[in-house]
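Next up: the structures, one after another.
Two complexes come next, and they have one chain in common, chain A, joined by chain B in the first and chain C in the second.
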Partner chain A sequence: MIVVIVNTVLIVSGISGLLALLLVIADMLFANYGECKININGKKELNLKGGSSLLTLLNESGIYLASACGGRGSCGFCKCKITQGGGPLLPTEKPFLNKTEINNQIRLSCQVKVKEDISIEIPEDIFNIRKFKARVTDIKDLTYDIKELTLQLIKPDSIDFKPGQYIQLEAPPYEKSKQPVSRAYSISNAPFEKDFIQLIIRLVPDGLCTTYVFEYLQVNDIVNVTGPFGDFYIRDTQADMLFIAGGSGKAPIKSMLEYLVKNKSRRKMVYMFGAQTKKDLYYTALLEKYEKELLDFTYVPVLSKPTQECEWEGKCGYIPPYFPEYIKDPKNTEAYLCGSPGMIAAVIKGLKENGVPEDKIYYDSFA
Partner chain B sequence: MEINAFIIFIAAIFTSNILLTNFLGMCSFLSVSREVESSLGLGLAVFFVMTFTTAINFVVYHFILVPLNIIYLQYIIFIIVIAAFVQLTEMIIERFSPVLYYTLGIFLPLITVNCAILGVSLFLVIRDYNFLQSVLYGAGSGIGWFIAILALAGIRQKVKYNYVPAGLQGAGLSLIITGIMALAFIGFSGIVVIQ
Partner chain C sequence: MKETPHEIKIHNNLKAGVISIDGFLGDDSRHYHEIIVEDRNELLKLNTTTEELADRMNYFTEISFEHYEGSVLIDDHYEVEYRSYRGKILCPFFHPGLFRKGEIFLYNKKNDIRICWTPLNIHMIREHCFLEGKGSKHRLEPKELYRSLFE
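And then the complex of A and B:
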């Protein structure tokens, strides 16, 4: 009996082993695609070992296409234009692409296997996106629930960004979260200060990343940030500018203002900041300083719940009713908004009613 | 059993259709028959794999299992051989013919567990076919399976535009259609019977 069992096991494993060996050899012979060239925007060329997905190969070369699902083909973020190579469109990509995208040769980079030389087009900004290691050098309270975080970049040690763009801060696994979580925060310092970044973070009750920053993060800790991302930045025109922010939405606008101060901008600017009470106001001295330094800049804090303090000589209520007072030339006004989705929606409605063209309203909504 | 190999081939397609008389390979038959296009791909893949695995399994059975006196292992060995063959084919097709890969390739992994493929290999042992008979039986069964899924897909595409009572939608109606198709194929049985 034992002999039979041993024989059976030996034979079955022998045959399976043989077939496995055959498959390994075949894998080496057939699945080896050798070196493939990836041509990016006709400017840059990467020589890489073929056989993996385009997304993986780009990531390995330090080019970070957005992806939320890790290459499983379920989020549809990693779109890029493939002008040559890449094979036919796959059924796994179709659900994520519309007709225009298909005609424009847009593909999902996680589904495209690189088996031959391939040419792709991606926005230039993506080259700029890096993963940074940074040291926390300062954590400062701006209000009772808003902190300013200063991060000294270690590796790489400098960042190029446009004022208004954001980075993703990664909170490592800690007591309240078993996995690392990444959240987006706007950079609040000016782009000419390349070796550090500042973030303004407001405590979100039970927020995984903000709780980490408020309760666990210490000066001298090392954190990971990725960026810069986003298309919320100053348009280089001569139009009047209207900045509107709420809560921690001051971050991108502070970066923009510092940039405008540095460049001695002569544009007409108004900054309306919505908060609930006097306690929620911050950077007031700094903004008053900007009022002196800039040719034509007005800072207008508006409090929605000033309680008895409405002896406070500023504006009360919500922002939109004050638009007629501050928008002098609506057709020639660019609006830059940063705040919660609810506030953004209300403000956009108010701006349109006051004649500001929709294509001149730029916003960054924290979802 | 000395039947002309060509007769076996014809019989495997029509009168002894592996799907419609033995009802093997039902799961992929039902799930991939929504559109003619995809059923075409799966049908071709089944035909291809069936033809080759019957040939390989014939050799494995008569030159390995019988001499070593381990016929009782045929189930396991056949399955392993089929799995390895499918894997190998997928690799080769992916490498050399992208077009074929995108029509056949995505269906290949489905076939590893298609019982019609294993069934054909087991039938050739039970019925004691010689090599030529086995290969033609495999090819015939593949074509038969192909025709059956193509017919069902065609019918289901038409059904899609008609009113179907809630209780019959999906697999229910597909099984009834398959049953009627099986009855129709019995009409061929006057020509030749091989089992």
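And then the complex of A and C:
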């Protein structure tokens, strides 16, 4: 009996799968949607051959929406507003959209197939996002599992970004990875250095992109990067600044600090960096230099698991218990955080308990 | 075993070098359907369910997540540490959403069992009864998993 049921299920599944495959093939071979217009923000119009996803057509036209899954409809990052055309909302989009977004005509661009003229609205910042070809000019070990990567931009040869923003680095197919993968990394140099970018990359166990960087990437290799992305950047106020980071989270903070040094900022700043042991610390000399160059800047490394070998005389434990010592005017403090989701969650809780307003807490959770 | 196009895509996702370096099948020669069926039978023998396991794993995961720089002792004899890594990972079975990259290490001091899982493991157990193939880095043996979580 069980065998009969299993066989029936397999046969029905097989036939359904075959029919679905035939439909896909027929659509690819015979469907011709002709030329379609994509109107962007009522200002720009693209004339393209229809039939592909909106995300693909925009990418081919040099307009890059964020995407972490390569258009597979799994990440929900490539949202945009479609004011005309685009067809009905698909079941594959619904899990990623809330009621307000649906009412506001937000769609997943990777799922919307362009078969007719379409009008979309995207943030103006997206026009600044470009795909760059770059040469690896330096790979430096910062710790046992963190590297600093320097990329000289070739084409285009310069980038405009805000300190704190990130790019997506593309790892090509290699021995351990069957397809190209892109991963997001914060830019660690200051924005006035436009012809190169530096990244701080920590090895992710079993990670396709970081394994490529750590085991395969060589100086002089050519890589593709896309960016800049993100809204984690310094707010132009005179509030006190509290930077908190862990691991490779130093990258966007370093970019911000270089920018503040260059601009001779007079803002009061404290930088608390969480690590397990002394061997997880890096850029210490650079940060001590910033303490001399900036008017009011303090660097506070905090070790959670210092060993005897560390001979550590600095702060120990978690970062939040030290907030009362360093947050002097909580209502007038902006906090900039970058680290693991666990760290971010604990730090936000601690900041709120110490009176820092939630709307002044900015963060880049490792995501 | 004949596969539908969707199953072929899932099978491909489970292989090394597609979603992760090591993949999810290890050196297990069984089809992923067979792995799921055999593990489901093991769970029945243990008189537990995927929901029960996933809920318990989630319980330890959430508490340890708050202790981001070290281990925490939970319910007297479970020592748990959450190690966070940058990025998120997709479900190889094409479920929508992304799952945090990280590893949760649990040491059951009472029975001396150590296990490790990822946030994606919890999802794959709850939604697909998939505990990964034998030899896979994050393979969870049903009996050992049950004993480590509930004894």
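FYI, the second predicted complex is superposed on the first by the 248 of 367 C-alpha atoms of A that agree within 3 Å, B and C clash if a C-alpha of one lies under 4 Å from a C-alpha of the other, contacts with A are read in each partner's own complex, and residues count from 1 in each chain.
What we mean here is this: contacts are C-beta pairs under 8 Å (C-beta built on N, C-alpha and C of every residue); 3 or more make two chains touch, one makes a residue touch a chain.
All figures in this text were calculated on a predicted structure; none of them were measured in a lab.
Undergrad: Which holds for A:M343: it touches chain B only (first), chain C only (second), both, or neither?
TA: Touch partner of A:M343: chain C, not chain B.
Undergrad: Scan A:T298 for contacts with chain B and chain C and give back first, second, both or neither.
TA: Neither partner.
Undergrad: Between chain B (first) and chain C (second), which, if any, makes contact with A:G73: first, second, both or neither?
TA: After superposing on A, A:G73 lies in contact with chain C but is clear of chain B.
Undergrad: Is A:T284 in contact with chain B, with chain C, with both, or with neither (first, second, both, neither)?
TA: In the superposition, A:T284 touches no partner, neither chain B nor chain C.
Undergrad: Of the two partner chains, chain B (first) and chain C (second), which one does A:G274 touch, if any: first, second, both, or neither?
TA: Once the two structures are laid over each other on A, A:G274 reaches chain C alone.
Undergrad: Among the partners chain B and chain C, which is in contact with a greater number of residues of chain A?
TA: C
Undergrad: Once chain A of both complexes is superposed, is A:L90 in touch with chain B (first), chain C (second), both, or neither?
TA: Only chain B is touched by A:L90; chain C is not.
Undergrad: Would you sort A:N263 into first (chain B), second (chain C), both or neither based on which partner it touches?
TA: Neither partner.
Undergrad: Intersection of chain A residues contacting chain B with those contacting chain C?
TA: Residues 16, 20, which sit in both footprints.
Undergrad: Touching chain A in the complex: which residues of chain C?
TA: The touching residues are 2-7, 15-22, 65-70, 82, 84-88, 90-91, 94-98, 100-103, 137.
Undergrad: For chain A, which residues count as touching chain C in their complex?
TA: 10, 13-14, 16-17, 20-21, 68-69, 72-76, 92, 95-96, 176-179, 183-184, 202, 204-208, 211, 246-248, 274, 276, 304-305, 318, 340-343, 345-346, 366-367
Undergrad: In the complex, go through chain A and note every residue touching chain B.
TA: The contact residues of chain A facing chain B are 7-8, 11-12, 15-16, 19-20, 22-23, 26-27, 30-31, 87-88, 90-91, 115.
Undergrad: Spell out the residues on chain B that touch chain A in their complex, using ranges where they run on.
TA: Where chain B meets chain A, its residues are 64, 68, 70, 73, 76-77, 80-81, 84, 87-88, 91-92, 94-96, 98-99, 102, 106.
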